[in-house]
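Before I ask anything, here is the structure I am working with.
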Amino acid sequence: MAETINYSQICAMLQSAVGQIRANHEMLSRLDAATGDGDHGTTILRTMEAVAKAVTENNGTDLKELLGKVAWDVMDSDGGSTGPLLGSLFMGMSDAVAGKTELDCASVVAMFEGGINKLAKQSRAKVGDKTMMDAFLPALDAMKAAVPSGSIRTALQQAAEAAAKGAEATKQFRAKFGRARNLGDRVIGHADPGSVSVSLLFKGFSEGV
Amino acid sequence: MAETINYSQICAMLQSAVGQIRANHEMLSRLDAATGDGDHGTTILRTMEAVAKAVTENNGTDLKELLGKVAWDVMDSDGGSTGPLLGSLFMGMSDAVAGKTELDCASVVAMFEGGINKLAKQSRAKVGDKTMMDAFLPALDAMKAAVPSGSIRTALQQAAEAAAKGAEATKQFRAKFGRARNLGDRVIGHADPGSVSVSLLFKGFSEGV
Amino acid sequence: MPMKKFINDPKNLTKELLEGFAIAHSDIVTVKSDKIVCRAQPKPASKVALVTLGGAGHEPALSGFVGEGGLDYSVVGDIFAAPGPPKVIEALRMAKRDAGILFVVLNHAGDVMCANMAAEMADKEGIKYKMLVTHEDIAPGADAPAEDKRGLVGCIPLYKIAGAAAEAGKSLDEVFAIASRFNDNMATLAVAMRTATHPASGQNIFELADDEMEIGMGQHGEAGTGPSKILSADQTAEMMLSRLVLAIKAKKGDRLLLVINGSGATTLMEMYIMLGGCKKYLDTLGITIAAAHCGEWLTVQEMAGFQMFAARMDDELLNYFKAPCSTPALTVK
Amino acid sequence: MPMKKFINDPKNLTKELLEGFAIAHSDIVTVKSDKIVCRAQPKPASKVALVTLGGAGHEPALSGFVGEGGLDYSVVGDIFAAPGPPKVIEALRMAKRDAGILFVVLNHAGDVMCANMAAEMADKEGIKYKMLVTHEDIAPGADAPAEDKRGLVGCIPLYKIAGAAAEAGKSLDEVFAIASRFNDNMATLAVAMRTATHPASGQNIFELADDEMEIGMGQHGEAGTGPSKILSADQTAEMMLSRLVLAIKAKKGDRLLLVINGSGATTLMEMYIMLGGCKKYLDTLGITIAAAHCGEWLTVQEMAGFQMFAARMDDELLNYFKAPCSTPALTVK
């Protein structure tokens, strides 16, 4: 059976991701203190609170408009590196759902693909550069692989697992972007906070649908 | 036998007092940290190093000139409260030895009396005000009482003991002068650093003759 | 445990500090749309405007340099976090003019991404601007790729010089050329002695042992080239300045602008002692100090340490650096 | 364990800091006879001269305010220690003129004793001067005897106002009267949040628990009215300012000069937040802020905390406060 999700379920999916960040932002700032400037928990929380606010305030039914408003408010939330990165993610997701009201598994994956591609343009980072992309890119591959299952929940669970693995893997890498880029070997052993956040977002997405 | 001291013995007496401060200045700064601004050891050391320098540099035989130079250099040594106080002490001592080359016990006591009187004018403090005067004034009384003995060493030993008792007694007092004046009961239990220095000076004087 | 800071709700830091800033300097600046610091008396539209962006927590930087002879618009982000592209494009719209805009960006991941996104929008809207990215931190090595070098205190004298050139009526191309020449001849090296508390998270931004200092520390607690033992002021001066002199290729006869920029808890007393040490070292090389500044231009909360800045100057750059200005943090007659 | 300070030999602190100070500000000041900071361009002898004295370690105070519209001579002692009478009389001799000298002394045991001894000599030498002692610390109580009240940051705006009056050609009696009126209408209350290291002894100048601040702390670590729990910025503002307002008897309609003078490690961010809190409180009383300053005028090494200063102003005092000046630490156009 081909399961689908609608506007309100997507709102629930986003809110569930917000919950993950609310529960973990202090740990994320501690991670950033080791390799960056110690504020990633603060910035990702601020951006995700902007998501929550936008979702609650946006009394409409149009998915593109919802995600577009989310993107703009996220970018407007002083999110350090996180703001523009997640902002472009949501902007790309918004473009990808133009005209749709119900999303099946394939279109959910297409939505994330559109977002991650847009994000990738800002980021310029590849897997192994110790950034959010170490979680985003494997997550995307995993959900694409799960499209045949037709199950949105399965696709997002696979994505979450892949993102978590990707975030864990960043411990071995030197950083090629962000504030950690100059630290050479000294960041080895520390997970990249942004990639951990991304894995939490997908955990939230998968639990939220 | 009426023992006397001369120019070089007075130099030795002063140098011995310098030694006492060199050995104890850190303790004196710690005392000042409790009731003042933590620098009394630094300032008294600086003033006494000025004494040492003046004594070594002053190649003369005139006592008044020696003590006058000591007084001026002490005052010029940025001694916080200590500089002007000890400066006037030595200035008064200088005036008191005008024309003398050899001092017997009575003239030694007269020399200190002249100094302490001059100092008292600057100070305006009485016994019980938790200042240097709590050591100076009892020291003066004690040496006056010892004049009949004719022994300079005895007189200075009595003075040193009285000064030490006076310094110890400052623990019970509230401060009416200096940086400790506003602290009310909170200085009770702490000895006044300046009075402790004075007791060390007399210990040095007595051991130096 | 409360923070050892005089603050209210850590969520309102930037809002409240800008309120106090506006009270203290109402004659020079006004704050528009929450986070855009602009001049109280705008510069004539016939002259090039200066726009910059950056996180708060570095006071007086960046907004303390808005005013005559300085910046026109400073877009303020939250503590150590770049402001979002929407506010930045809003400021670029306010500054929009035929004379054009010099858009100065410090090289930090977030700032550059925000600036690029805002610049994309500005292009679409036909706003005339030139973007200049400062990246003078030599901690990663004097000849590391520009992307690896952070933008530190060097932006401040650059605002001053570009601002003076703009006031003098130079065209956007000229202002850009002058600012770029300064940008290409400046270098900064930082040293940290004690950590600071992040005023939002309440956490230390880094850790340093009691007997250690760290060269190359970034201005948000990003680690530098690793801890080392504490040196004397003169040793520190020679060790840091020798690297700066190499980086800017200064040689006998050259004239430098030297800045000892305190990070927060390092005293002006120490900065003056450092400057004395720098002079001693430069004398041995026959390099002169044409202008010097000791003080806090760009801070890192109450971090102990400083950024040592050096730039090779020519007459034009010196004249613009010494030209009059009236900003909250710097007044020159 | 080395100190967390950029210094060389702790015995040479004052000498070396004055050397750096002279390098940084050679256009405004020169240092004579080791410890006397004077103007590079002396004020005409027809005008009243301003002379002050005080220990070092409070940079930019006191010497940072030597210059046109400010002090003429600042006699510098060693760290936290008044200079000796010989240097002070030397400065009074340099300043000697028929127009006379305003001799400003902060109320601290050592400073006052040195000033008195120098004044005795000045009397003997027929030097024309009037001594003014500042004692605006209300920590011991607004109506404690003057001898019990320390001289804190209030000396700085007083230099500024008296300096402007002197530049305007006022007589010694007039300058003294104006400065005294300001002196009689000002009050300061300090608060400390973290201790500082004495740069000569290497010891903490006081101790304070992690969750405590102390109101009334002196500017050399002299204890205040005892530790208390840390309050929010707004609570601190109301608690301190309400005491200042009472002390200077400010009422509805009055105009204040308000200064948040950082002690060292307290950030400008926090000072601006404090100023916002002060404004909120004064609004409830209908008292206006005629002029405000946030920054470090008189520091206590890297102590965290600040001195809150308030003075009741009239038009004349305001005009002199806002008059032009050119000093290392303060420039007004």
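By letter and in written order, the chains are A, B, C and D; residue numbering begins at 1 in each of them.
Operating definition for what follows: a residue touches a chain if its C-beta (ideal position, glycine included) is under 8 Å from a C-beta of that chain, and two chains touch if they have at least 3 such contacts.
Note that this is a predicted model, so its numbers are computed, not measured.
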Fewest hops from chain B to chain D - one hop per pair of touching chains: 1
Touching both chain B and chain C (chains): D
Distance-maximising chain from chain C - centres being C-alpha averages: B
Centroid distance [mean C-alpha coordinates] between chain D and chain A, Å: 54
Inter-centroid spacing, chain B versus chain A (mean Cα positions, whole Å): 75
Chain centre separation in whole Å, for chain C relative to chain A (CA means): 32
Centre-to-centre distance between chain D and chain C (centres being mean Cα positions), rounded to whole Å: 29
Every chain pair in contact, whichever chains are involved: A-C, B-D, C-D
In the complex with chain D, residue positions of chain B that touch it: 26, 29-30, 33, 36-39, 41-43, 46, 72, 74-85, 87-88, 122, 177-183, 186
Chain B partner contacts - residues on chain D that touch it in the complex: 14, 55, 77-87, 108-110, 113-114, 116-117, 139-140, 144, 147-148, 150, 198, 200-201, 203-206, 216, 218, 220-223, 226
Footprint of chain D on chain C - complex, ascending: 1-8, 13, 16-21, 23-24, 56-57, 59-60, 64, 193-194, 199, 210-211, 213, 229-230, 232-234, 236, 264-277, 279, 289, 292-294, 296, 299, 301-302, 304, 306, 324, 326, 331-333
